[in-house]
Amino acid sequence: MNNLLIWPIAVPLFSALLALLWIRRSTWIGVFGTALSLLVVLLVGRQVVESGPIELALGGWTPGLGIALRADGLSLLMLLMSSLVSMAVAVYASVYFSKAERRGEFWVLWLLLITALHALFLSGDLFNLYVTLELLGLSAVVLACLGGSRESLQAALRYLVMGLLGSMAFLIGVALIYAGYGTLDMAALADAIEAGPAAWLALSLMTGGLLIKSALFPLHFWLPPAHANAPAPVSAVLSALVVKAALYLILRLWLSLFDGVVTQAAAVILGLLGAVAVVWGSWAALQAERLKLMAAYSTVAQLGYLFLFLPLLTALPEGAARDVALGALVLLALTHGFAKSAFFLAAGVIMQRAGHDRIAELGGTARALPVTAFTLALAGVALIGLPPSGSFLAKWHLLSSAFITGQYVWLPVIAVGTLLAGAYIFRLLGYAFAPGEGVGPSLSAGREEIPAVLLALIATLLLGFWASAVWELLPISAYVGGGA
Amino acid sequence: MLDLLALILVFSGIVFFFFGAIGLLRLPDLHSRLHALTKADNLGLGLVIVGVALLHASLLVGLKLLLIWLLALLGSAASAHLISQYALRRRRQ
Amino acid sequence: MTQALIYALTGAVLFMLGVRATLLRDTLLPRLLALNVCGAGVFLVFVSLAYRGDSMPTDPVPHALVLTGLVVAISATALALALNRRLREMTDE
Amino acid sequence: MIDLNLTILPDLLLAAMLIGLAWAALSSDDLRRGVVLFIAFGLLLAIVWARLQAPDLALAEAAIGAGLSGALLLVALRDGVAGNETAGKLSRLSRWLVDLFVLIMTCLIGWVLWLTIYAEPVERLAQLANTMLDRSGVSNPVTAVLLNYRAYDTLLELVVVLTAVLGVVVVGRQRRGYRQAGPVFCGLVQWLVPLLVVTAGYLLWVGAHAPGGAFQAGATLAAAGIVLRLAGYDAAGLPDGRLLRWLLVAGTGLFLLIGLGVTLSGGAVLQYPEAWSGSLILLIESAATASIAAALVLAYRGGRPGDWSSAGDRDPNREVST
């Protein structure tokens, strides 16, 4: 029993309720609540590092009858990413929304979104995961339509419908699992699940539902409009964190619960879809005329890379090589989270200053907003995968895993994707660093620009130099079934 | 014996429901449809409820069932009134 | 067991009917109905698993899960309808 | 394997009607017709729940699934439906592929369910849930699962309701109300609303040992609000501004505070002291009933209530920019 685990969920939830009650003070409550959530996540992290995975059986009932919260290396890394990114974005949003009419509701929903993310990363129960997925989906949809424009509403509505369809597919998978194994507790299921028709079907239904939510090609179509039309701080968390939540669940299912059920053929199919996503998303990003749309297509491509790892992971035998590949996958997800949120925040700064985000008219950005232009360049380094960013290391290991397993088909995909990413980033930087009057002179920098540059620094420097921490944390597993 | 009586009551209630439904489908205009539906259903429900009460043979259950019937009567009377009033208003416009 | 199977299979059919209509229809309201039917199918699978014949006590856990699911479903429906209304207002303006 | 006797005939009939109604509701091009068929589908589903010995669900389905969903959908018909939001019609080939996919998946799911139900019976959680009932503080097993064993799910579910209703508030303006009702309807309202309130109270109280509970009670209370609004009372019984926000927060807030508070006695989060669990559960359920009812009525009214917050009063026309 360890009651510490409830706090990453209780703190943002309680702050959300307070923010709704004292809606005029919501900005303060929002920033303070986010900071406090970060603090408790750090406390949980210290305990996980010191004494291994933590479990909290809620209500004191044995997991199975009751619900357990669990924190291990993987969930800790996701928690750290989400609370760090949300802290930085909250600071930015306190400026961005300082005069907006609906800032009160924004902060309440913001805190609810953090609650949902933390609850999802800590949950150890399949049905509870469905509830957290719905909470995450609904709060993300409402945040996405805060822009109030027709496009953003339409995108949010489609996002909602697709999200609900995904949840339903997940839920019927959960029903099949409960039918076959008589429990919903993930630790018990990690032991119990064995290959067979029920397990295969349940896994494919749940994975299918999550693929919609994680926007893998060809189920990506809802993502670009939803992410590109939301207010900038919201786009940042949608792209950096919300899609990662579905990806985290896929990893949990494939590597911890259904370890031994997953077939190589299924993994190769997902890998192929990922490959198409990499090429198509990067190409669409290169064609995009708006900065935020470009960033959204780039998210589609970057998610594709993450799925390239799956066929490699299933082909590798359990052991050091597989642990390295898994670490690289998580590292890539983390780097993208930090880099993409930095990118969206920078785009938001430019948009508020220039009044538009048309890439071709961004001349003069570097002179007017040097810090923001620098942020774009830094985040770009991480998105392309240049050294010293974390994604460089991750792609390096992706390549070497492909060599080890002899799956050479992925090599050209990685090469083409990286080249295209270089092309769209340098195209953007070419405009941004060109002289011009597209962006007005700088009035104030600071609270707006600093969070983005910090996030970009984490992505390029911190995760590059301290990447080994990822490989040290991942083996701390709460689930005996697998390596995650 | 009591059971047989109860069964007969429930069955005849169902027959009323059946004819109410036929009336709803076959009669020409809204008012006569409403007429067929409310009359047949109220009576049908009443018969079913008396039958079920006999099967249970308990005063408390009987009272609860009676309450249900009264509510259904109230509801169907009010809704039939509202629907026909709406139809009248539309015809005048 | 046969009863449980009948309803479980019905649940599967309803689920896929809902999926089909969500994919094929192109306006919001029918899609929303479809998602609700989809949910009803999943709930039916859960509840039929809980049913273990008229003589055995049922498994309360799926019942509670479905109750939770019902409330989540109506929340999502309400939100989708509100978005739809705002979108409609914007079209009129 | 299947014993074909007459006892399964009603089940077959119900199942066929469910599928038929769902098909008709989903394939209807007339929206109003689709919605009405869907409401009928919900009512039939309530009968199925009763047949499968799930009376708690039958109550909830009738109140929430058919009743409130129906009311929300019907009022949405009045709003009209926004035009096609997806790009174009699907080609004939892709329609055919979707149908094929649906057919295959239905068969697969059906096959797996068949295998599972006829495999060696899995001892699921039924036995455990029923033996632990003595320690849960209530004697209705479904309430025990909802508010004790899996109370955390219910807490998050209340948060989901809160999130959705905030979304409704954020998105639009309040709907126009209805004209004052005529004498007959007013007479009905005078009877119905107090009766619904009493019924809600009864459902809340009885949930501890018989079918019923916070969700059914909340939905019944919300029905009272909707009836009031239909009769021309625009506020639908809800308070304004700050009090309304307290009402919305009450369920989640009290649940969270109690869940955390019980750790002071040395237990885990949400581990009620056994002697107190009955009363704590009732307390949580009462607050949850109020919050759920308020949220559902607010969702029916739609949009931002008057005097919701004065945060943006200086510049009411300003939208958040993208």
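Chains: A, B, C and D, in written order; residue numbering restarts at 1 for each.
Here is the rule we use: contacts are C-beta pairs under 8 Å (C-beta built on N, C-alpha and C of every residue); 3 or more make two chains touch, one makes a residue touch a chain.
Remember, predicted model here, so these are calculated numbers, not experimental data.
When the partners of subunit A are compared with those of subunit D, the chains appearing in both lists are C.
If each chain is reduced to the centroid of its CA atoms, subunit A and subunit C end up 28 Å from each other. The centroid of the Cα atoms in subunit A and the matching centroid in subunit B are 57 Å apart.
Our note on geometry: subunit B versus subunit C, Cα centroid distance of 30 Å, whole angstroms. Looking at subunit C, residues 15, 18-19, 28, 32, 45, 49, 65, 68, 72, 75-76, 79, 83-84, 86-87, 91 sit in touch with two or more other chains.
Along subunit A, residues 127, 131, 134, 138, 141-142, 145, 153-154, 157, 172, 176, 178-179 each make contact with two or more other chains.
Within subunit D, contacts with two or more other chains are made by residues 85-86, 109, 113, 117, 124-125, 129, 149-150, 153, 157, 160, 163-164, 167, 171. In summary, the structure contains touching chain pairs A-C, A-D, B-D, C-D. Looking at the complex, you find that subunit A touches subunit D at residues 1, 3, 6, 10, 13-14, 17, 20-21, 23-24, 26, 56-61, 64-67, 97, 99-106, 108-109, 112, 115, 119, 127-128, 131-132, 134-135, 138-139, 141-142, 145-149, 152-154, 157-158, 172, 176, 178-183, 197-198, 201-202, 205, 229-232, 351-352.
The touching residues of subunit C, when paired with subunit D in their complex, are 1-21, 23-30, 32-34, 36-37, 40, 43-45, 47-52, 54, 57-61, 63-68, 70-79, 81-89, 91. The touching residues of subunit D, counted against subunit B in their complex, run 182, 184-185, 187-188, 191-192, 195.
Looking at the complex, you find that subunit A touches subunit C at residues 127, 130-131, 134, 138, 141-142, 145, 150, 153-154, 156-157, 160-161, 164-165, 168-169, 171-172, 175-176, 178-179. The residues of subunit D lying in touch with subunit A in their complex are 85-86, 108-109, 111-113, 115-117, 122-125, 128-129, 132, 148-153, 156-157, 159-160, 162-164, 166-167, 169-171, 242, 245-246, 248-249, 252-253, 256, 259-260, 263, 267-272, 309-312, 315-316, 318-322.
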